[in-house]
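Presented below is the structure to which this report refers.
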């Protein structure tokens, strides 16, 4: 007969408690945690909004097995390290760091947490547990440049950028080259504002570009601010990262939409299946990471046709804007006639093509 | 340099100048009353989010501007109570207001990201406001005209009205003013509230006119330029207008330098100019000795009536 | 019934210590209310901001690393504030100090070791002090208000930063991203606890307050600072040179800020980019006040504010409030501390007015 005394009662309670604890942790362990580091607010209707849509795609596809958490407005400096680390400490098994400026920070935390996997967007440094992924935004720029080159009356186009990093340089070059295919005399005025998201500065820079003669401005920064200025002036521009027509119904001709969903779901699935490995992925229009929004009514039929041709060319692989001959700003021939620039060269590019006017 | 370019450049400068002109006018009045309020940046941001929020809910930008003024004035009251009733250190309290306003506006703004507001309709008929030549005079948002109107209004108030005289007396010699029977505390409350309201409208210029949307910290340090402006202008409203436009031109130069590839001096040189010029101006003003200085004698000192 | 303020004979020590504590507690309470009003889980937010960093041991290193620059800068500022010198430009001196350290690092190339690191840190101190020397000269020579001159130079320092990291000092291997090249292993401060991020700067931040306390309370210089601050006329009669005090106050403030910058650079970051100015120079003003301008107070207050920084980042992930909301709490604590200042010098008396005697009753 078991003595029903306080000690045995306590033992029983303890055992029951432990069992239920194990059970509840087992339930919590069932769902794999995936974390996201966002540069701006998810309401920026641009870059971060698009990444967040990718996160929601994971929720939709794998919601029963996966739980996603995110942090917004993480600065691209050392303060990102504790934030990334915090996600890892909270139990995330996969962490997406969605901007170039998180590169070294991601690697630092990755070293501390070898069992956690990291995906760094638009970077170039990898490790056993760090993958990089990028999108060929410049393919989208080629479409925009085609439209801008045909529709611009002044032949001077504006480009609003952040830093002279390869992603931006590729965008500028692609935009310029494709505009020149439609209008050989087209030039691009470039302003780099040293920030990805600063609406008043973006607006002032856009105004400056307009005052210097640009009648179509494309933005490589993350807010719809530039489009609002273009709308006020009755000019045209393009959305960045997402369809921004709600901010500028008349000015918005089309937009480059970043579609991260399929890649994110695939990587999340790999974590769940245990098949994740460090890779470098650079998809584009063909794979569906770059999508062009529907053209607005302001785009004439012949222009739309040219733009569609470029899209089709990228999708079936028959077209690449970085096909020679390509000259740089000093007039030196950088890419020979008929040659196509390799991905490796594109990844480290630091020179602008002829026709781009900039301060550096 | 075509006329089109000059007109466009002028309009850009007006856009850059208006917010600091508004905040500067407000701070000028506050400092003339003897109080140094460093919290301009915080008040501007509170005005920006208040104006934006009111416009989102009422669909009326005029109500929005009133909301901005109210938001700025309300936040200035935090400062006023501490500094006037509890004699707390003005420098630290103003700084706390700046940090507080920045943080609170960010928090409130979370639910407003991604929304846009109805812009102002122009007060002048389209024929004038959108005319290629006349738009340089008639094509601005109402807030611009309000700011330009306030320059002579503040100047007239300070120089030619009894209330303005009292305010200046409070700032130059608070004990004398008190012994004559004027409420030093009351006058300073009013001045601080005015400063807050003007800063709030200046902030709303960012969220309602330049880019009708909300983003954290969107005033980007302009509040601190407004503080410099008041000193640079020697606490005189007419000079404030000229100084504000001078600063606006410098800000525009930074962007034009970048956009047109002008790299003889780095663009940061232009961006630093307003601040360096202020230090130079400060030196000249102070070097001429206190007799020639326009700084209110009681600036920054707490008022302690002998009980 | 009315409230009367009665000046105390001597400042109340009880209030001196109780008010900072009360300020923190009141801030937490109001924080819960404000957040609940906005629709965010107030309790969770406040717990995450104020308590989680203290309770979760894996956060302690973050608190320590964040507290170091705050404490060091605040020490320098408190010396100045005691002498009624208001250095608002600590942020700029912090940036210039770090840039000077970076310059030495770049000049050293691949060379490292204790000598190089010491040179970098010393360069930081000199750089920060030099950036404060301008305002010091302007004040002593032209009576230029140091509040405005130091503040203006802060904004100039941001442009200097932008120019250097975007131009001559940009990392040649950094794909044109405006940042300096990362320091090599042998150019960074040693880590105190292997496997953690706690670098030597943290130890310096813990020891310096005691050094400052010794100097401020035991040396003639410390006495001079305190007298010049509280009784300028007496100070002049005592032979203390006001100009010398201005120079000392600003150079110490600038030097400490520069030290904090160089330690942050060589210990925590290893590289400088446009995001380097994190507002420590301004937050340190709050630290100095919360610590009642005493060295040990700065040490404790620095930890408290570091907790709110780290907690704010925790709350970013848990209740999704923006990072800058930590500023609301920091400012609130300062508001309360400033408001309660008056309780130290005055006693609050509630006086019941005598009942009115109506004639004829």
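To keep things simple, chains are lettered A, B and C as they appear, and every chain counts its residues starting from 1.
The working rule: a contact is a pair of C-beta atoms (placed from the backbone, for glycine too) under 8 Å apart; a residue touches a chain by one contact, two chains touch by 3 or more.
Note that the coordinates shown come from a computational prediction; the quantities given were computed from them, not determined experimentally.
Student: Counting one step per pair of touching chains, how far is chain C from chain B at the shortest?
Tutor: Minimum step count, chain B to chain C: 1.
Student: Identify the chain pair with more contacting C-beta pairs: A-C or A-B.
Tutor: Pair with more contacting C-beta pairs, A-C versus A-B: A-B.
Student: Name the chain whose C-alpha centroid is most distant from the C-alpha centroid of chain B.
Tutor: Looking at centroid distances, A is the chain farthest away.
Student: List the centre-to-centre spacing of chain B and chain C in whole Å, with centres computed as mean CA coordinates.
Tutor: 27
Student: Averaging over Cα atoms per chain, report the distance between chain A and chain B in Å.
Tutor: A distance of 37 Å separates the two centres.
Student: Where in chain B do residues touch two or more of the other chains?
Tutor: 110, 216
Student: Indicate the residues of chain C shared as contacts by at least two other chains.
Tutor: Residues 162, 166, 320, 322 of chain C each touch two or more of the other chains.
Student: Multi-chain contacts in chain A: which residues touch at least two other chains?
Tutor: In chain A, the residues touching two or more other chains are 41, 73.
Student: Considering only the defined contacts, which chain C positions touch chain A in the complex?
Tutor: The touching residues are 58, 62, 162, 166, 175-178, 182, 268-269, 271, 273-276, 278, 310, 313-314, 316-317, 320, 322-323.
Student: Within their complex, state which residues of chain B touch chain A.
Tutor: 5, 8-9, 12, 15-16, 110, 113-114, 116, 119, 206, 210-213, 215-216, 218-220, 251-252, 255-263, 267
Student: Mind pulling up the chain B residues that touch chain C in the complex?
Tutor: Touch residues, chain B against chain C: 36, 38, 78, 82, 86-89, 91-93, 95-97, 99-100, 102-104, 106-110, 216-217, 221, 224, 227-228, 231, 266, 268-269, 271-272, 275-276, 278-279, 282-283, 286-287, 290, 300, 307.
Student: Per the contact definition, I'd like the list of chain A residues that touch chain C in the complex.
Tutor: For chain A paired with chain C, touching residues are 41, 69, 71-79, 82-83, 86-87, 89-90, 100-101, 104, 124, 163-166, 169, 194-195, 348, 350.
Student: Once bound in the complex, which stretches of chain C touch chain B?
Tutor: Of all residues in chain C, those touching chain B are 5, 38, 86, 88, 134, 138, 142-145, 147-149, 151-153, 155-156, 159-160, 162-163, 166-167, 282-283, 285-286, 289, 320-322, 324-332, 334-335, 338-339, 341-342.
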